[in-house]
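The data blocks that follow each hold one structure.
Both complexes shown next keep chain A, but they swap its partner, so chain B is in the first and chain C is in the second.
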Partner chain A sequence: MRDGGSADRGKAWGWLAGLGLLCAALIALPHLLSYSQQEIAVFLVINVLLVVSYRLLTLTGEWSLGHVVIMGVGGYASALFTKALGVPVPLAMLLGAASAAATAFVLAFPLFRMKGFYFLIGSFAAGEVIRLLWKRFRVPFGGPKGLKLIPSFPDLEIGALTIDFFEPVNYYYLCLLVVSISVFILYRLERSRIGLTFHAVHWQDSLAESVGVSTWRYRTLAFVIASFFAGLSGALLAHYIGTVNPNRFDVGEMVFVLIWAIVGGTATIYGPILGVVVLTIINEVVLRQLGFDQMRPLFYGAILIASILFLPQGLESLVGKAREAWAGRGGGAGPEDQRFGAQ
Partner chain B sequence: MLELLLQTSVNAIYAASYMALIAVGFVLIFGVMGVINFAHGELYMSGAYAVVYVYAENQLPFFLAVAAGLVFVGLLGLLMEWALFRPLRDNPLGGLIASIGFLLILQTLAVLGFGVRMEHIPPPTREMLNVFGIEGVVLSVQRLYVIVATVLLLGALWVFLRRSKFGVALRACAQDAEAAALQGISMNQAARIAMCIGAALAGIAGALTAPLVRTYPFMGHSVIVTAFIIIIVGGIGSLEGAVVAAVLYAMVHTFVTTFIDGVIADIVGLLLMLLVLVIRPTGLFGIKDRA
Partner chain C sequence: MRSVPKYRDMSRRKFLGTTVAGVALAGVVAPNLAFGAAKTVKVGFLAPLTGEVAAWGLPGLYGCQIWAEQVNAAGGIKVGGDSYQVELVSYDNEYAPDKARTGATKLIREDGVKFIMMLGGDTWPAVQPIANRTGMLVSTLLPSDLSPDTKTLIAPCEVHPIYNVTGVQWLAENKPDLKTAVICAQDDALGRPSVATYLAAFEAENIEVVDTVFFDISATDFAPIMTGLLAKNPDILCLDTAYADYVHPLCEQAYQQGFKGQIISCTADFYEKIIEKTSKEFMEGFIFQFPDFDDPALNGPRINFTDPNGFYAEYNKRWPGEWGAVSWEYASILDLWRAGAEKAGSVEPTEVLPAMKAGGKGLHAFGEAEWWGKELFGIDNALVGDWPVVVIENGKAVIKEFKSIPAWWRKHGKLLVKHFDKMGEMYYQRG
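The block that comes next holds the complex of A and B.
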């Protein structure tokens, strides 16, 4: 801001150009991939929404172990809305996300009596209870085998053109659109007054309370919004693979979300995205190509340990450093002052 | 009906024993180092695989295999302390994350070494005892080993913590690490001892129960859930609380499993934990808030 108008405008053009390039790359991407890699790309885009929504919750300082189960609530609810009530798929997806948010709202009453470690354990217990209920009750949740034959996203007909969302490429674009909008909303939210309050609740909760901020209310709000988008990602997943079951949303899956967030870093919105993208590429492309199929979890574990030991601020800190080095060479101001909480 | 009640109680005592072994180690590690060791279930699994390797595959005596499990998993504990938890002491979530990484490594090594199939280990003894002299109420000698070992080990641990100099130092670290350091107690040494004992307890629990349960690389998952429930109900950092909670939880879980079904029993256990978290987050015996 202090560099004056022209530099500011230059920066804005730079951002716009970057964004344009990114969009072009994302749109071109599936055409460079094989069929099975296109499917991986679909899951990757869905996981981006999952982990970015997870980060919103961590803004208030709470780390949940129930986020993947909440994703599952979205998937199960959306599937049931279409199967049992005949709701059209796009509407059911939104209803599924809303169900996840409603579940989170109810859970907030017991869970936000806890903080820190207790919240971690409490969210785990609450998630496991939900998951075991799916497993136990064949009606309506289908028991251990879960729900099958979930209707897929309906074909879209524009004039003579029919878009079949059963094709990974087309579903990839659909997910990309939904996830981009969601991430944009989450980004704007963080920059808003509400988002700033989330930060205050994390770093200065007694101070925030003393100036009249209800920390309980803001923690709940973050939890409910995060759960809405997690539920949406679950619904996107359910109508793509056509089946949901309790094991798909167990703590093993949750561990992956935790890994993406930690390896990427959670100080910025691109941190977790970096984490999930880089680790998915390493896991699905590099390790698969090298033929280490059975050994992949071992590498994953080793990467996790190495990153927590040697890169505790996450991959995003590398981006910050790279930018600093770049700015240092160009003589301009570093971008650090624009980072959150810096003012 | 009386017979069924008595039999279920006997089963519950067995369940309480191995749960207590696991949970006490878990609490000890958390109490002294402030780390949630997510890999605790995999330490238990490692103890079971020590028995698979030494006893089932190499035909060596069962108790030698159990001792091997104890030592091997104790060493794993030392490795974790040195490589993971010590460098991450100032990072509260770091230890948890690193232990998740270690868990994945241990699971993969088990898969590579032994395959994903379930191992059925023939128990060293198939003898059954009649409890209370009643025909229908039985306890296998293999289960009796677990109960006796638990009583002996936890008794020894209790004496160690109360009477020995190390034990007092350990408890001092659990109460207040900084004050303990000011008194000249080495935090590194306390952490080493706690981690070694805690891991070894999980290892011996795995080794002793290996012939009684199905051994497979992912068996640790249900164990960690149980450990969570027990330490929350008993109170974080309280060893006595862990033992009482293990007995309580084993009773509830075994009776609900027998009279309703296993999944409902799991749900009841988790709800019990949530209830304690909401009403009395310090647990039944907890005094201090460590989180």
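The block that comes next holds the complex of A and C.
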């Protein structure tokens, strides 16, 4: 008969083994893919950061329509830091992310006077204002055509080895590293006291205020942190494709983020990741290879409707059910352990 | 007596020996057999096939499919003593730079294409580094993508938006009493340089532009836009290079708000549908720049497009009601590329490009043209010649005249540079 300590150790070893397998799979992945699929993998990893950062904001109960524009703020700022001021690309990426966070902080003052549906519309309007500013001011934003010839991430020289980040495999590893660290930070943040307060602000904001929690401050904090990481994803994108323009960050792109989050689910940190991974593979790999290029929007819409009808809790609920089934066979954790937010 | 099969006598050594010999023989013979078969050259089509800009990609792909079938049925293209069948490989870039980069990577590194056709615009900057690194020959419909850095990018068919000057010139010659105009366009990489061109063209003809309106590409309500424009009481309503999704509702609004004046536009894709939504009388005299290819004027000796009428008939048979501005353009680019490859005796991009540009002249679909663009784009990679002025008469597009873009440029080029510069569209002003 196992005592509690050995059970915990077994569980920890299980997690470590799972994590190790995942890491090995992610490292091996690009070598199993074609060149174009490697490109898709790069954008997929960047989008993982975008959608996971979006989830952080949703923890406080607010859904924004401006998150992709905030991503664009990071991309534009990072591009301008390198093009106009000659800042090295790695530093410019961090400054771009910080610019996105600073923009979110300023926007928080008018936006968090609203809640729910009004916040949603307000965030859309704020995003459009930013996009129109990019269009209106040719200097420094390049107008409707945006910015191009954005410097790419510099080559890394290790002895005789030169790592060219223009190559999708190398950039994939760079993005994987950055995104893994970012997701880990977001995961730890959610499990911290601050993360618990985000949940409290979402589910019991009046109660939280009655015990001295400033809901405005915590909503702002979530918005700023989420925007920092969205900005970082924008910077990663900008220095890879070498161009940013206002259309790339319009509401149409935001709809995709919403779909990823809805189809994947937002109760767990892996929910939106599942959403973006599954839908990207279906949209960019499977449907294209089947020759359904022009039918993809139709399939995408159908998947969204089917998901809402048959998986209202998102793809993450399938993981919960699978674990439940596994636990029923006496093999693992119960469903109450699934939520990362559960303490 | 039962005979024993010979193979029973075969030792393992014999088996291995004969197998190796067989494989070696196959290795010697197979390449010769391959040489005997028709070769294939792949051409990439990297344009939006879905989304708002699909109208300037998908009809072009349809046209290319017809072109490839006809060329292949006639024996393919003749290059260096060999016949090549042409295989089209398409990739939907959704008019997004990241998808365009993925598509370019696939076409070049996986499919091994020798030439890529693009719409250009927002998607080109993401492809440019790949084209520069690989030396891939790429065509665009938007010469505003050209710059001194784009050595392997050519605009061999459509010199958008410069040809719009021909429509205004024809309008001024034929309706000299019209003296005021308003312009509206979506605020993007297509709309802005086109507005600069129309401003120059109107100024050259002493037509006053009383209002210019840019609307966002996400606009869906065109009633207030049209109300504002018509409040200026213009003689001419210019729809610039608006996408088909905007031209249609703008025309509807002009009709509903009682506009009786002249309309001029770069395109009028699917104009039959506009007529259905408005009226034949309202659309009478509508000027634009893209002919239907059943026009008798396209049967003249100047035209360098194989059987335009037959092409149009086949297109409409396969995709009724889908004929648009770009339906013939990519196919016409393929004609130029084919001529370049045949002249070079090679399908390699680095050899085809110099062959295409040799002598500074090329056979454009609408007549002989010159490689031009240094003053406006910083590089002579745009093929410029005559362009048709098309007018809707009795519900049908009719070519009224071919007018020379170089002739206009020689007379009014400074105006174009002035407005491009003012709009920040000169090559040295871009991002």
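A few comments on the model shown:
By definition in this document, the second predicted complex is superposed on the first by the 330 of 343 C-alpha atoms of A that agree within 3 Å, B and C clash if a C-alpha of one lies under 4 Å from a C-alpha of the other, contacts with A are read in each partner's own complex, and residues count from 1 in each chain.
By definition in this document, contacts are C-beta pairs under 8 Å (C-beta built on N, C-alpha and C of every residue); 3 or more make two chains touch, one makes a residue touch a chain.
Treat the numbers as computed from the prediction; the structure is a model and nothing was measured.
After superposition on chain A, the partners chain B and chain C are seen to clash.
Contact with both chain B and chain C is seen for A:Gln294 once the two complexes are overlaid on the shared chain. Once the two complexes are laid over each other on the shared chain, residue contacts for A:Leu132 go to chain B and to chain C alike. After overlaying the two complexes on the shared chain, residue contacts for A:His199 are found with neither chain B nor chain C.
Of the two partner chains, chain B is the only one touched by A:Arg113; chain C is not. Judged by the touch definition given at the top, the superposed model places A:Leu304 against chain B, while chain C stays out of reach.
Applying the stated contact rule after C-alpha superposition, one finds that A:Val251 touches each of chain B and chain C. Using the contact criterion defined above for the overlaid structures, shared-chain residue A:Lys11 touches neither chain B nor chain C, since it reaches no partner.
Comparing 114-122, 150-158, 168-176 or 276-284 from chain C against chain B in the aligned model shows that the clashing stretch is 276-284. When both complexes are aligned on chain A by C-alpha atoms, chain A residues 132, 135, 251-252, 294, 296-297 touch chain B in the first and chain C in the second. Residue ranges on chain C touching chain A, taken from their complex, read 49-51, 54, 58, 90-92, 95-98, 101-103, 105-106, 109-110, 122, 125-126, 128-129, 133, 149, 187-189, 191-192, 216-218, 424, 429-431.
Contact residues on chain A toward chain C in their complex (touch as defined above): 34-36, 38-40, 43, 132, 135, 138, 142-149, 152, 166, 168, 237, 240-243, 245, 247-248, 250-252, 284, 288, 293-294, 296-297. Partner chain A is touched in their complex by these residues of chain B: 36, 84, 87-88, 91, 93-94, 97-98, 100-105, 107-109, 111-112, 221, 225, 228-229, 232, 236, 261, 263-264, 266-267, 270-271, 273-274, 277-278, 281, 290-291. Residues 63, 110, 113-118, 120-122, 124-126, 128-129, 132-133, 135-136, 251-252, 255, 258-259, 262, 294-298, 300-305, 308-309, 312 of chain A touch chain B in their complex.
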